[in-house]
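Two complexes, one shared chain (chain A), two partners (chain B, chain C).
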Partner chain A sequence: MMDKALEVLERRLSRQLAASLETCVRCGICADSCHYYLADPRPEHVPAYRAELLRRIYRRHHDPVGRLFPGLVRARELDDELAEELIKSAYGTCTMCRRCVLNCPMGVDNGLIVRTARGMLAALGRVPKGLQDTVDVHLESGNNMAVSEEDFVETLEWLEEQLQDEVDDPEARIPVNQAGARVLYTLNPREAKYYPLTILAAAKVFYAAGESWTLSTRAWDVTNYALFNGDDEAAREIAGWLAQEAAELGVEEVVMAECGHGFRAFRWEGENWLGRSYAAPVRGFVELVAEYIRTGRIKLDPAQNPEPVTYHDPCNQARNGGILEEPRYILKHAVADFREMHPHGRENFCCGGGGGMMAMGEFAEGRLAAGRVKAEQIRATGAKVVATSCHNCLDQITELSKHYDLGIKVLNLCEVVAEAIILPGDRQ
Partner chain B sequence: MPEIEYKGQKIEVDEDGFIQDPSLWNEELAEYLAKTEGIEELTEDHWKVIRFLNEYYHEYGIAPMIRKLCKETGFKLKYIYELFPSGPAKGACKIAGLPKPTGCV
Partner chain C sequence: MEALRLGVILAAGVCLVGLWLRLRHFLSLPLARDLSRARGSARRGARYALTLGMMPWAKESTRKHALSYIRGVVFHLGIFAALVALVAALSGARPVGGSLLLAEVLVGAGLVAGIIGLLERLARPDLRALSTADDYVAVLVMDLVLLAALAWLRDPAAVGWFYALAIAMLVYIPLGKIRHCIFFFPARIFFGRHFGHRGVLPPAVGGGEAR
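And now, the complex of A and B:
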């Protein structure tokens, strides 16, 4: 019955995973790097403890002693009880933010261990429902909110009219399916479905920069929740659609909308899942905007954003994605009073909403409790606005503001930039 | 699964407070759910949004695009966000008895 899960473990047993499973020296440094442990210091919240659940299964099948006398090395067969423990641990108390990886003297990748455990549970059909539904809807409809092509196009046309009003130019466009455009841009379905102002903001930035860009009606979803449920087959299929569309449109680059996990999944994992290189390179929207500012393609007036602003680094864009300097460069040009939280950048704490946690209501209580670390970081800055670069972080921080009474507003970077943009007409 | 106690009846909700059985929804329940979202009194404009969401869901089995919501109610986007401070997905859809949407919400 558990064979499918064990097959996943065998198939994914790379050098990196094997080394991570073999080399923990139980020093416990990882405990203090985890927001779950800091908010509620229980043994189950120590990253090494979570990893130990998978290590026991690994030892049962790979340790010479574990195979013969499992009890001697605390090896354990995967059974129903252990699977239940794994669900609570791998899905319920870890956002795969990988802060503990950075702080491990042995370089153990607990994020990889937890994702492997999730992949094993996925093979058993035991992914928490809200998370699995999101992957299923994506596979069935082409985007994770089942937005139909007709609805998508109608929404973009409506936004195009608003863009024309906003920039006072009847020629302003939100281009769709333009072969040969320089940039293929992507969207988070929630932008089209519920929160279209970020689409408008991004379109305004592209307009001001005079960019040659397009959206696609065939493959436009920036997300890939299979990074979270651990199912590599699904992850490969989803990444493949966008890769193929970029090749068919012949664009020079794919630009991922502000979405932490979507950026990491497509930029850093997709080619490995697919086993081939992309036709066009991939960048995050923030990287492109920083370039626009550096090269003078857009001009910003920081006085338009007078309130104190701090920045929350999405784990999958910063620590796990390498985008560290660009958001700061942008904010220093776009707002009058930028304040760092501490720690930040590579060492930033997860907001608590990562790893698909927002889609798993059953773990909401622990998610909000673990978010206390982030709430305290934000409060200490005295900022009135938290800018971030991920819709998931945005929702979690908005909930934290309510729960911990922070009295802040949370915005994506594109909105902050769009507010500060000086359009060519304004300069005259 | 958590439950809310409403007029002596126990109704199952998920951990985010979305009711599990859309057929149990009625306007009095909507008033109760609105309070859990920090809306003390539902105005006629709230009702216009809520009724449209509920009817659309029963016809198509999915929540409408915000574009459709604006078009049908004649309300500006910003006004809808003002009416439902937790947003159209977590606020308005919950009060209108829709299930929790998939994706990043």
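And now, the complex of A and C:
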């Protein structure tokens, strides 16, 4: 019955994974790098403990000592009881933020271990329902919220009118399916469904920069929740759609909307899932906007954002994606009073909304409790606005604001930029 | 005594063969190649991971727990010194003067650090929950070897104990967690290459740092 899970372990057992499984000395120094442990210092919240659950199975199958003397190294077979513990641990108390990885003196990649455990559980059909549904809907409809093409196009047409009003230019466009455009821009379905103004904000930035860009109605969803459910087959299929669309449109680059996990999934993992390189390079919207500012393609007026602003680094863009300087560069040009959280950048704490947590209602209580670390970081800055670059972070921090009474506004970075932008006609 | 001496040499052979078998299994596994376009340098990341990235100030965890980290470093220095002492004992040499004093200090400090480590593991509930029997056995074996090495450094008559415990240690190395001595290096290199490739490490001067 557990064979499928063990097959996943065998298939994914690379030297990288084996090194992480072999090297941990259980020193426990990783404990307080985890927001779950800081919020509730239980042994099960120590990152090494989570990894240890998979390690027990690995030892049973790959360590002669584990086979002969399982008691000495706590080797054990995967059974129902251990699978249940893995579900609670790998899905319920880990956001795969990999802060513990950066803090491990040995270089153990607990994130890789947890994702492997998730992949094994996915093979058993034991992914928490909300998360699995998100992946299934994506596979069935082409985007994770089942937005129909008709609705999508209607929304874009309405937004185009809004853009024309806002920039006072009847020629302003939100281009769709334009072969040969320089940039293929992707969206989070939440934008199309609930937050269309973030699409408008991005469109305004592209307009001001005079960019040659397009959206696609065939493959436009930036998200890929298979990064989180651990199912590589699904992840490969989803990443493949976008890669194919970019190739067919012949764009020079794919620019990912502000979505932390979507960026990590497509920018860093997608080519490995597909086993081949993309035709066009991939960048985050934040990287592109920083370039626009640096090269003078857009001008910003920081006085338009007078309130104190802090920035929350999405783990999947910063620690797992290297986007560290660009958001700060942008905010220093876009707001009057920028305040750093401590720690920040690669050492930033996860807000608690990563790892697919926002889709798993059964773990919401723990998610909000673990978010206390982030809430305290935000409160300490005295900022009134938290800018971020990820929809899951945005949702989680908005919930944290209510739960911990922070009294803050949470915005995606593109909204902050759009507010400060000086349109070409106004530059005189 | 000669039998114990030969026993140590034989145990060293067993240790090397055991480690080789571990390594052979490891090398039989596929190396996952990263096809994504680099933002930074994997090579620079690996170099950082094995050098400055090991410094106690390089990570929040080791900044916060500097004493624990230093304890671990002292423990390992003591182990290296004890191994050098073992080679000396086997070859009939014996440190004198300054070398003897240095060896005694390193091994003695390593022993104290090892005992503290063992007590810490027994005392802290989170560490107890994490630990396997191997975690206690491995540290205990190393502590006993350090004790025997110190005894031999102070009195050559203790060489029999030193050899006997060294045999136990050498046989145990490939079986338990002490084998991290070979896996540590690939783990650090993979870590450094991964984050170096993504432009996350090494940290840029003044860039996005926590401190």
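Here is the rule we go by: the second predicted complex is superposed on the first by the 427 of 428 C-alpha atoms of A that agree within 3 Å, B and C clash if a C-alpha of one lies under 4 Å from a C-alpha of the other, contacts with A are read in each partner's own complex, and residues count from 1 in each chain.
As a working rule, a contact is a pair of C-beta atoms (placed from the backbone, for glycine too) under 8 Å apart; a residue touches a chain by one contact, two chains touch by 3 or more.
Computed from a prediction, not measured in an experiment: that's the story for all the values here.
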| item | value |
| --- | --- |
| Chain B versus chain C as contact partner of A:Ala359, first or second or both or neither | first |
| First, second, both or neither for A:Pro343, with chain B first and chain C second | second |
| Partner chain in contact with A:Asp151 - chain B first, chain C second, else both or neither | first |
| In the superposition, chain B vs chain C on chain A residues touched | C |
| Partner chain(s) touched by A:Asn392 [first = chain B, second = chain C, both, neither] | first |
| Touching partner for A:Leu102 - first (chain B), second (chain C), both, neither | second |
| Which superposed partner A:Asp133 touches (first chain B, second chain C, both, neither) | first |
| First (chain B), second (chain C), both or neither touched by A:Leu38 | neither |
| Chain B versus chain C as contact partner of A:Tyr194, first or second or both or neither | first |
| Overlapping contact positions on chain A, where the chain C interface meets the chain B interface | none |
| Complex contact set, residues of chain A against chain B | 130, 133-134, 137, 144-147, 151, 154-155, 158, 188-190, 192-197, 223, 259, 358-359, 361-362, 364-365, 391-392, 395 |
| For the chain C and chain A complex, residues of the former touching the latter | 22, 25-27, 29-37, 39-40, 49, 54, 59-62, 64-65, 68-69, 72, 124-135, 137, 175-177, 179-180, 183-184, 186-192, 194-195, 198-201, 203-204, 207-211 |
| Touch list for chain B against partner chain A, complex | 14-16, 62-63, 65-68, 70, 77, 87-89, 100-105 |
| Chain A residues within the chain C interface of the complex | 13-20, 22-33, 41-44, 46, 48-49, 52, 62, 65, 71-74, 101-109, 267-272, 275-277, 281-282, 313, 318-322, 324-325, 328, 342-348 |
